[in-house]
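Next, two complexes with subunit A in common: one pairs it with subunit B, the other with subunit C.
This part shows the complex of A and B:
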């Protein structure tokens, strides 16, 4: 059964990947740009699903982790002139530190209370950046001297393959023994502990992985756009969009979160001619999907598959 | 310390306070390998807390929990599990997206962040354990498709997988049929033969008497007796706690039944859940003023029957109320027409006070009527009178049940449906509940349809009894005939 699932997944994703990889040959520069952003969001949403879907932790502050990675990378690039790869790794490291700080209350608090802590963390980070605007550019944002590439196609391929790497890593992780234990600790921490699993250790590990990928993606996004700003990597509304994408795609599916993110960002662009109505329509459609199919887009797909 | 074998588990002077409440007071006992001890006590006696203290789910205030010479009191649960204690929870919560086999494999995995792929031996061991607990036929099914007993088997399998030296089993036989009880008893016997020590936690001695070497009875956090099952059963303090006052006796003089139609008349009722047939051609009458009991084990279809009457489920067949057929009426309409169900889950508003819960029940009544009804109910359940201002979720199980019944009565039902009011209640509380029902029956013209697993509780109140078995009516008759005609066969 598992092998069957895996092979089916493989046969569906390989052609999709091929089509995506050839994007620069059949997509306009404009849509390449949209998809590049969508792929970064895909990583955000997948990382979030690892915490929510598997570890059972509702993190309302995905942008806390993303923002630390983005600003960590941007600051290092600005003030030390380090090469991009070093800046990205530094940003990822900052995110891990932030992830551990955020995870500590998660080991004590449950449910909504933990959610509130994560929400407050985002606001705190936002204030810190605004208060130290002399160094961070405050609300206006901070330009980075380096960028990934000036070629839209190259940026697109960077984002795509980065997302694919993250997806493979997270899917393998979620389907490994570790994923099974994580799911058990997420569903019933007491029962998991009674089976001898150190719940805190597994949660912390999940937070570190989620933080690292979020931070790397945040840093990549900064070097793609050439600026780090509160509005693009930290604002609560960005976090909300990530959460909606993950839930829309399907909880506990990893790949669903990725699909959800791409769908949402594409829909946002395609409906742009509607002007102000655009966000309203996208939100409405998302709401309808979540209400009608709580298991999300991929959950829907899995159901038809199991029925077959 | 005995001369032959050392104790594997020693609990010494264990105490636990929650705020001002002393849940466990100076409890001590010891277990040798291959020994089975029953930890017995009514709800609220602290027996479950003792189990949690041993497992590290709660931290004791004082006392020791010594496993194989190491004091683990206050350690985190996972570390205690590694010391060799396993637990079989009463309520199973398996992983729902994983198969039975994967659920068992989970328990066999090491607590390591670095092992992404399970050892190949895990699969083999999981299969062996599944076979042993009787799950080999359903290895690749999802838990949601399994019957209750199989879910409990998964819990057993998971505990077994860790090779514990001491196994804690919470209410081993709750909700199981006699055949399943025999299976589970054999499993627990198997633990003993492998040299594991077993602690069985249960409400009463009877259900575990055949299995245990010794029993320890608790009441209000304290140990009240210890010895063989027989010694504990005979202990005067234990009898006092469990039996309460004199046993109420019952049979009501024959009701002068009105010759006419029944108040509620059910004809060939069938209910299906997907493929499973939950009720099959059930016919049942309830007359005005009658107290009718539907008895049957968990899973027999009692709740399904009541939910069909209340309009919560679709069904085939006819349900006639005094003013016509019920099909097509909404749940709210049926309740307004006078059929009020008090569900087994109680469904109280936990954060509201007792009084607010009652007021909500009587929200549709005129002010004066509501005040009168409330005064009458507080008289019927004096304990609620004392607890008026208290939030519902701070009440004990028995008090919550009384509040649920009182709230249902606030609606002035013509027919009160009571679904398993004794669920999870200790015998001493049953007695108070029993007296309240008796008073209700004798002082009001109310009509009651009671669903019960506990026949001894249902019998004294009933005018007529229906026995429900596997969704079908197996027997109908008067309570005095039940013992003769049905008694042995029921359990």
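This part shows the complex of A and C:
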């Protein structure tokens, strides 16, 4: 704890958090909206980093977990009229079930095989939603009767503090024995098992945590925008954006993924004049970062600090 | 009637799937790279070929040639710009190379797709048929072009077999997929073998892209689903196994065609996806995979 109090991380993040928390006083409503979305993406990217960065699992389907949470919450709100908090918890529960479903193959499969299963999971979920369009609204999406708040500042604070809570939880987890064991299983599962660690149990736990947070964030995003649609919570391109964010920020850092998500969503806005070339430029920059600085933006920052 | 139709359409679709997947499995077998930009390279070949035909009035064969050349060039660019820097990077630990190549080729594929959407828009384009006209097979009206595409796919697959099993420059590819280190010890220049396999890969992806554009039409938006289908066929057949990929291509192709004709075109890909998940759960090495 004392090392944590002395750590640079704390003294850098507290002022940043203060500036962010005061956002509604110095940001335009437009940028409040952009950042609100960025904070939800931050949670997606951080939960993805727990699986990819620490457990070494190539999960191409973060939107499978997000989509289950989002649609679970929206369906309950629409058909049972439950209050938002109950719907969110139900969505999170659905995501955990989805996470366990995905984790089952992950206990046996490695690398590309697992990646493919996650990709197929997203496609199947997308088809299920389109097939049952009578209940889910299909490709057009589904409106929810309730929303978080009509006040942009209130929504912004909800998203910010939710992200901060997730960040604290994930950083603590990743620095606990769970994080270390996950890292060991990611790098050499056989060696980790030989040391007496229960690989299956730890992977399952990582999946549950990642799924719960992704699902809650997905549900909150639905109640923020008032609709759940395939294009905003399930589409493969959303998954790609989450992967870009986490890799750009720096894998195996948790906070890097959060920074990456905010950078990506702000870059999307700033590069809007480029029109269609927007995504081209962002993915090009990320590719360059991967090849030249594999540890990402945060890794770069840490290294220059240590060098100085 | 419908049965004959399913037989013919399924045969051609499966042959195209097989050709598309065979390049993917070859480059994995020889160089160990899972190229998630695969679909994007197919689309480059198709769109460049289409553009050449429209802009310069080339005949379908010359346009196809231009498209295949574009596929080969983009395969080389992929190798030199994306793959080689990662393989030779000193900062990326060697046990994480695979993960880095997966993410890097994914991003590269997205870049190509967005770049093509910018240049050519994402409207689907169809290349002129290689052979015009319609014929009748057991009472089913079939475009001659469709038959031609099915035959061409198998001719290219046959040529590949000849190159890999019967020529002096091709045999090292086979050896490299078995044991690259031994091949290096025998004095073969590995970098030359890699270059050669990327050239073959580019041609295969190019031919598949051009033929697909001539049969079904292609747009920049199809890149992702083309990669996904090649990836699933290759995993279904067993990573690195060429025969497995061909069998899997026919399983997927016929499953999709039967679903589309007998149940609903909307559900077309679903049974194949479910079979894929089941196979991966029950027999992770695929139909003919080795592990």
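To be clear about the criterion, the second predicted complex is superposed on the first by the 302 of 308 C-alpha atoms of A that agree within 3 Å, B and C clash if a C-alpha of one lies under 4 Å from a C-alpha of the other, contacts with A are read in each partner's own complex, and residues count from 1 in each chain.
Here is the rule we use: a residue touches a chain if its C-beta (ideal position, glycine included) is under 8 Å from a C-beta of that chain, and two chains touch if they have at least 3 such contacts.
This one's a predicted model, so the numbers in the text were calculated from it and none came from an experiment.
Visitor: Could you check whether subunit B and subunit C clash or fit when both are placed on subunit A?
Guide: clash
Visitor: If you stack the two complexes on chain A, which partner ends up touching A:187: first (subunit B), second (subunit C), both, or neither?
Guide: In the superposed model, A:187 contacts both subunit B and subunit C.
Visitor: Just to be sure I read the superposition right, which of the two partners does A:277 touch: subunit B = first, subunit C = second, or both, or neither?
Guide: A:277: touches subunit C, not subunit B.
Visitor: Please work out whether A:290 is in contact with subunit B alone, subunit C alone, both, or neither, and reply first, second, both or neither.
Guide: Only subunit C; A:290 stays clear of subunit B.
Visitor: Is A:301 in contact with subunit B, with subunit C, with both, or with neither (first, second, both, neither)?
Guide: A:301 contacts neither subunit B nor subunit C.
Visitor: Touching A:111 in the superposition: subunit B (first), subunit C (second), both, neither?
Guide: second
Visitor: Taking the superposition as given, does A:161 touch the first partner, subunit B, the second, subunit C, both, or neither?
Guide: Neither partner.
Visitor: Figure out whether A:247 sits in contact with subunit B (first) or subunit C (second), or with both, or with neither.
Guide: In the superposition, A:247 contacts subunit C only.
Visitor: Which of the two, subunit B or subunit C, is in touch with more residues of subunit A?
Guide: Partner touching more subunit A residues in the overlay: C.
Visitor: Applying the document's definition of touch, where does A:236 land relative to subunit B and subunit C: first, second, both, or neither?
Guide: Second partner only, subunit C.
Visitor: Contacts for A:127 in the overlay, against subunit B (first) and subunit C (second): which applies, first, second, both or neither?
Guide: A:127: touches subunit C, not subunit B.
Visitor: Can you tell which stretch of subunit B collides with subunit C among 294-302, 402-410, 420-428 or 474-482?
Guide: The one stretch of subunit B in steric conflict with subunit C is 402-410.
Visitor: Please write out, lowest number first, the residues of subunit A touched by both subunit B and subunit C across the two complexes.
Guide: 187-188
Visitor: In their shared complex, at which residues does subunit A touch subunit B?
Guide: 1, 172-173, 176-178, 180-181, 183-184, 187-188, 190-191, 193-199, 201-202, 205, 252
Visitor: Mind listing the subunit A positions that touch subunit C in their complex?
Guide: Its residues touching subunit C are 52, 56, 58, 60, 104-105, 108-109, 111-113, 115-117, 119-120, 123-124, 127, 130-131, 187-188, 236, 240, 243-244, 247, 275-277, 279-280, 283-284, 286-287, 290-291, 293-295.
Visitor: For subunit C, which residues count as touching subunit A in their complex?
Guide: Touching subunit A: residues 34, 82, 85-86, 89, 91-92, 95-96, 98-100, 102-104, 106-108, 110-111, 114-115, 117-118, 224, 228, 231-232, 235, 239, 266-267, 269-270, 273-274, 276-277, 280-281, 284 of subunit C.
Visitor: Residue numbers of subunit B touching subunit A in their complex, please.
Guide: For this pair, the touching residues of subunit B are 55-57, 76-78, 81-82, 86-87, 89, 93, 95, 97-99, 102, 105-107, 109, 111, 113, 115-118, 140, 158, 161-162.
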